[in-house]
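Note that chain A is present in both complexes that follow, paired respectively with chain B and with chain C.
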Partner chain A sequence: MIGLNKLGGRTWVVTAAALIILLVINAVLQPNFLEPSVVQSNLTTFLPLVLVAIGQTYVILGGDIDLSVGAIVALVNVVTVTVIAGLGGDGTAVVIGLVAGMGVGAACGLVNGLIIAGLRFQPIVTTFATSIVFSGLALWVLPQAGMPVPEPYWRTYAGSILGVPTVYVIYIVAFLIAAFLAARPFATRLKAVGGLRTAAFQTGLDLGRLRVSAFMLSGLFGAFASLCLTGETASGDPLMGQTLAMSAISAVVLGGTALAGGVGGTLGSVLGAWVIGMIGSVIFFAGLPFEYQTLVQGLIILAALAGGVLVTRR
Partner chain B sequence: MSRFVDLAKNPLLISSVAILALLIIGELVSPGFARGDQIVRLLTVSAILGIAAAGQNLVILGGREGIDLSIGAVISLGAVIAGNVMSGSDAAIPLAFAAACCAGFLIGLVNGLGVTYLRIPPLVMTLGMMGVIQGGLVVLSRGVPSGNAAPALMAFVNRSAFLGIPGILFVWAAIIVLMALMLKRTRFGWSIYAVGSNENAAILTGLPARRIRVLLYGLAGLFGGFTGVCVIGYTGNSFISVGDQYVLPSVIAVVIGGTSLAGGAGSYTGTALGAIALVLLQSVLTTLNLEFWGRQVIFGGTLLLLMLLYGRQARLRV
Partner chain C sequence: MQPALRASDISKSFGAVHALDRARLTVERGEIHALLGANGCGKSTLCKIIAGTVGLDAGEVLIDGQLAALGSPNLAEEQGVALFYQELSLVPQLSLGENIFLGREPRDRLGFTDRAAIQRQTEALIDRVAAVAGKGFRPDARVSDLSPDQRQLAEILKVLARKPKIIIFDEATATLDRRQVEVFFDILRELKAEGVSSIFISHRMDEVFAIADRITVMRNGATVAEFAAAETDRYAVVYAMVGETGAIAASVRDHKPLEGDTRLVVKDARAARLGPVSFTAQRGEILGLGGLHGQGQKALLAGLFGAEPFQGGSVSLDGVDVTARRPADAMARRIAYVSGDRGRDSALPGRSILENTAIASLVRERRHVVPGAVFRERFTEVLAGLNTRYAGLDAPIGSLSGGNQQKVFISRWLSPAPGLLLLDDPTKGIDLGAKGDFYLLARKLADEGATVIIYSSEDSELLSLCDRVLVLNGGAITADLVGDRLTPFELTRASYGDAA
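Moving on, here comes the complex of A and B:
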């Protein structure tokens, strides 16, 4: 149980239960739900949210919040697509485009982190303001949706690497990064920063660097999510990912990470992201109109949070 | 010297200077920008944002990371309810206000109960509530716009009631005065600051902190419902996402109006000036012959600049 305690709080218990219930309902409603191809297609749909939620977890653990990650997703998408097209669209161009996209994501996170940790701005309003700037820049790079990515890009994303589906490779790499970071002093220090900021400061932790790193991780994971979305849509869209930031925050909170900072972890956020994804899937297969999604999603989030509190009180 | 610094950091002064500067810039860029009727039009837009921000302001003043992200959905709900209650009939306007405000108040109370008694963080509680209301609206309306404003309500928001000034501006002025009186001169107002700045101390002095906070969320919902009726008066009819555009601007107006997001400090007068400054800024950027992306970048940049002046957190000390 020691490993589970690391998840923090008790909300994740309710979330895990919700996930199991949703999986069972979906399996009943959709007979081929457990076929490998269906599993893969579901996990592909959930991947961008999972990635953004992992990144958001670090920011929230450090006691901040990143509302700009949706705009970062859009900016990374248009930069990557434009760079690939500008360099002729061959294999090298794709690689340079991917690197450029990740660079843009990390740079946006750096800007957020420097303004918030360095200049002591409020994270909520600051990342809202920077999200306006980032989406403005995205519209500057690519005013209209369009500009396709070359075929090898989306073929590779939908295909497999060394026999393993690319999407699973991305999941594994993301989990490895998260596991690596969780095992490093960085994770503990970040929790200290979010949990008791003054005490962390007084023990001599470099708060600024830790918080900036968290924002850069959020930007970088936002870039990963954007590159995956690009693999799905196969084109550029300056308005991509607008709802991702809020959904990711919900996923993180569902996963048991405290919004106040200091408690939680990425594994819970992944569960939370899957729950949010599964809600959409269940509603689709239950034959309910798509409109029910926001309603049910909101109710489940509130129920899980209230349930988490009640479980904790016992 | 420190007195001068204090003055220069006074949010009311900064917002006023920003408003003046924006008016001058607007007039220079496009002569006629600061004409009387133009200013009245801009103030009308500010009034709608300002009334929404009144609710946001109360919740933020109450502390504990108070914020109401459901305010946009409540505005949409208020507009849809009002539109259906009125369906073009002047006689039903009072009922429309009452129904929209009641619905908003009840939703706000639920937010407040979730935040205080279930200890759900306000950001998530109100985010979840936003999803529930938006989803409920879509399900109920099936996405088809329904209801429309009564002519008298549209005149109240858009046409002159007295000396060229529409009725909504008088209402907003009354709200500004009442909020100032309530916050600074009543027991309830003082207890909001007490709960917002140091909840434990407030509880120890015998204040019912939880009940106060629940009521603050209720009032935020009430202001949201009221704003919804004003919005449908402004636009004539409603669609189910009409309130979304007010969510984060209402928070920004509160912040650039000098209310601390940590709670316990600030005033509604500042928020009202913040709302005017925000609307003016957007308007000036629209008159500048810029492409959309350029406007966005300057808008975001200016918000950051305004926050640099006084939206900052305290320095940590050893």
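Moving on, here comes the complex of A and C:
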């Protein structure tokens, strides 16, 4: 274990190793796994989880948690499709719909942040409650699944921008945002807030602002994910993304970000999200009966989490 | 010229408690000003008000003659006030450099954190204390990996990095060893030469007289005396602190030769950074552990109690092997342990005084149901015997001052009386009156037949309380001082590893 101790806080190395193992298994199970089109299709499937996990990382780094992000995904979806449909479904309508969706995501994050950082409510209870509110709002906006999005929307999502597949463009943009934030003092200050709140306060950091920013980022990335899911499903669904919040939290923890806050980063969360996606893929292609898939997936995630904890514990 | 700081008529209440009642403090430019008083006298609150972490109810603070607006730590800092925190303000998960520049990160032209600058500037700061900082004190070291004294040095560097005009050092030397304190004092003198004023809070009178220019004494929330350090003496200062009613037990040591039988035998005890050490202690003896900070004293006590079991060696009490593997073993043998780090080792925070008192009995008597009435009666009696002031057994432990909390934690072990009482810097941060009570209690327990082993970071405490002092240096016993040899000179000499 001496070598492993040197990993220090970098649990994501372990996650990367797990990812490589899963890649090999998948490559064996699926002969065409490494073909560009299959790679792209897999990465497309994983994209929403990756985005939500990146957003969730900020909240968890700050010592909070956001259980409402799945509901935010649904609310953003129904608002976006409703706005697009209401404005006639042309190009302008799509752009306005996207902006409205992002706005809704950020607003949901703002509400979470203000209640938690401003009124000092418990994040776990608050975001559980707001998730019910957001779900309720989504059902109110669009009581039934349906309402297709116009063709240019999903065609662009499935197509490419300047020769690069749109999905990859989104990945690159998301990584750039994450890298930008990681290089700003914001990242360190957020870790300080999550690491030892009293110390961060005594140092003069604006705790409320940092925590609200983290929740808004989570909401924004949730909206981002929702717009991608909408590109995939091409319709509105008030029940979309229900499992995303928990999967994203698992991804964040798998990626080495401590649930207690203060330690970690988005890179690990991206790897964690991929690992969770690949686990699903392995189970599917291993031909496991459907009824066992969720159970096995849960056990594998538990094992992966335990592995990470055991490796980093001295 | 205006003084650097003039705080006048500062009042502050927390609920019904008047923490400050028209307190005042004047600090000249380039002055090292000691602020003294028993715990609960309001000096920490006054400092927090000046540093902007606590609001004031009435009064005004002038900085360089200007009325200062002190709504937040940031505002205070903008006006040149920096507070060194007794409760550390470092984030354990971040690196030393990140901590020092937290909230004031150097940035490059694009607004990104300039990590190279953090590295460079942190190295420059570390150079000031490099000689005493010890191993691993690097800009990229995680604070959680640093030892307590290194964290305290880091805290000092963090304050220095802000280049303030007025620095408040609240117990800045508490975990430093003597060499580190000297380096810290050199830094204070350099700051003084640069015109920076320091407000220095310390429980160590030696340090106060070694470094302070002037002394302000507070009592019960008010400022009661101001001295020039060169024109006063310890007696006058202590007298001002305790007032006319407070009597201090200067020495409860009686020089009677020890007649008790050998009771505790420790053979070749080993732990990380300790030993092997061997020694014996007698019935009725108060045995002190002296020496510089961090020389294995705490490891020895924790090992005897089984909190951090020894890696080798044996311990026997009254001829019975009591080598403890876990605290429950030690408790079953009537070994008691009281730590000075109350928050970490003793308190059940948020729980009542009764629960905090009864917890050891619950374990020792293997109770599964709490006999409320029995315990209530038992511990009311015990606490009364300790001269403890408390609102009621059901009040939360946090409602007590540090000194009274410590009495509660000691009272845990008094029913029945312990055979071996281990005290790990037990009077850290408690006021002089409570210390006096505490010394008398330790002596009483010893007279009743207990063996007491005490580690103290204050030499004067060991000298006044102990029958015998073992001095540790680098995890080994370098001297066994008793009788005429138990003097400050011998103690200091042995502390530095210079055995007579």
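Basically, the second predicted complex is superposed on the first by the 301 of 314 C-alpha atoms of A that agree within 3 Å, B and C clash if a C-alpha of one lies under 4 Å from a C-alpha of the other, contacts with A are read in each partner's own complex, and residues count from 1 in each chain.
Assume a contact is a pair of C-beta atoms (placed from the backbone, for glycine too) under 8 Å apart; a residue touches a chain by one contact, two chains touch by 3 or more.
What you see is a predicted model; the values in this text were computed from it and never measured.
Q: Now for A:195: first (chain B), second (chain C), both, or neither, which partner does it touch?
A: Touch status of A:195: second partner only.
Q: Please indicate which partner A:205 is in contact with in the superposed arrangement: first for chain B, second for chain C, both, or neither.
A: Only chain C is touched by A:205; chain B is not.
Q: Have a look at where A:178 lands relative to chain B and chain C in the superposition and call it first, second, both or neither.
A: neither
Q: In the overlaid three-chain picture, which partner chain does A:149 touch, first (chain B) or second (chain C), both, or neither?
A: Neither partner.
Q: I want to verify the contact counts: of chain B and chain C, which reaches more residues of chain A?
A: Larger number of chain A residues touched: B.
Q: Touching A:124, do we find chain B (first), chain C (second), both, or neither?
A: Once the two structures are laid over each other on A, A:124 reaches chain B alone.
Q: Tell me which partner A:262 touches in the superposition: chain B (first), chain C (second), both or neither.
A: Second partner only.
Q: Under the contact definition given at the top, report the residues of chain A touching chain B in one complex and chain C in the other.
A: Common to the two interfaces on chain A: residues 198, 201-202, 258.
Q: Using the touch definition from the top, list the residues of chain A that touch chain C in their complex.
A: 8-9, 183-185, 187-189, 191-192, 194-196, 198-205, 258, 262-263
Q: Okay, in this complex, where on chain C does chain A touch?
A: 53, 72-74, 77, 83, 85, 87-94, 98-99, 102-103, 105, 107, 111-113, 142
Q: Could you list, by residue number, the parts of chain B that touch chain A in their complex?
A: Within the complex, chain B contacts chain A at residues 65, 67, 114, 118-121, 123-125, 127-136, 138-139, 142-143, 248, 251-252, 255, 261, 291-297, 299-301, 303-304, 307-308, 311-316, 318.
Q: Any idea which chain A residues touch chain B in the complex?
A: 65, 67, 115, 119-122, 124-126, 128-133, 135-140, 143, 197-198, 201-202, 207, 246, 249-250, 253, 258-260, 289, 291-299, 301-302, 305-306, 309-310
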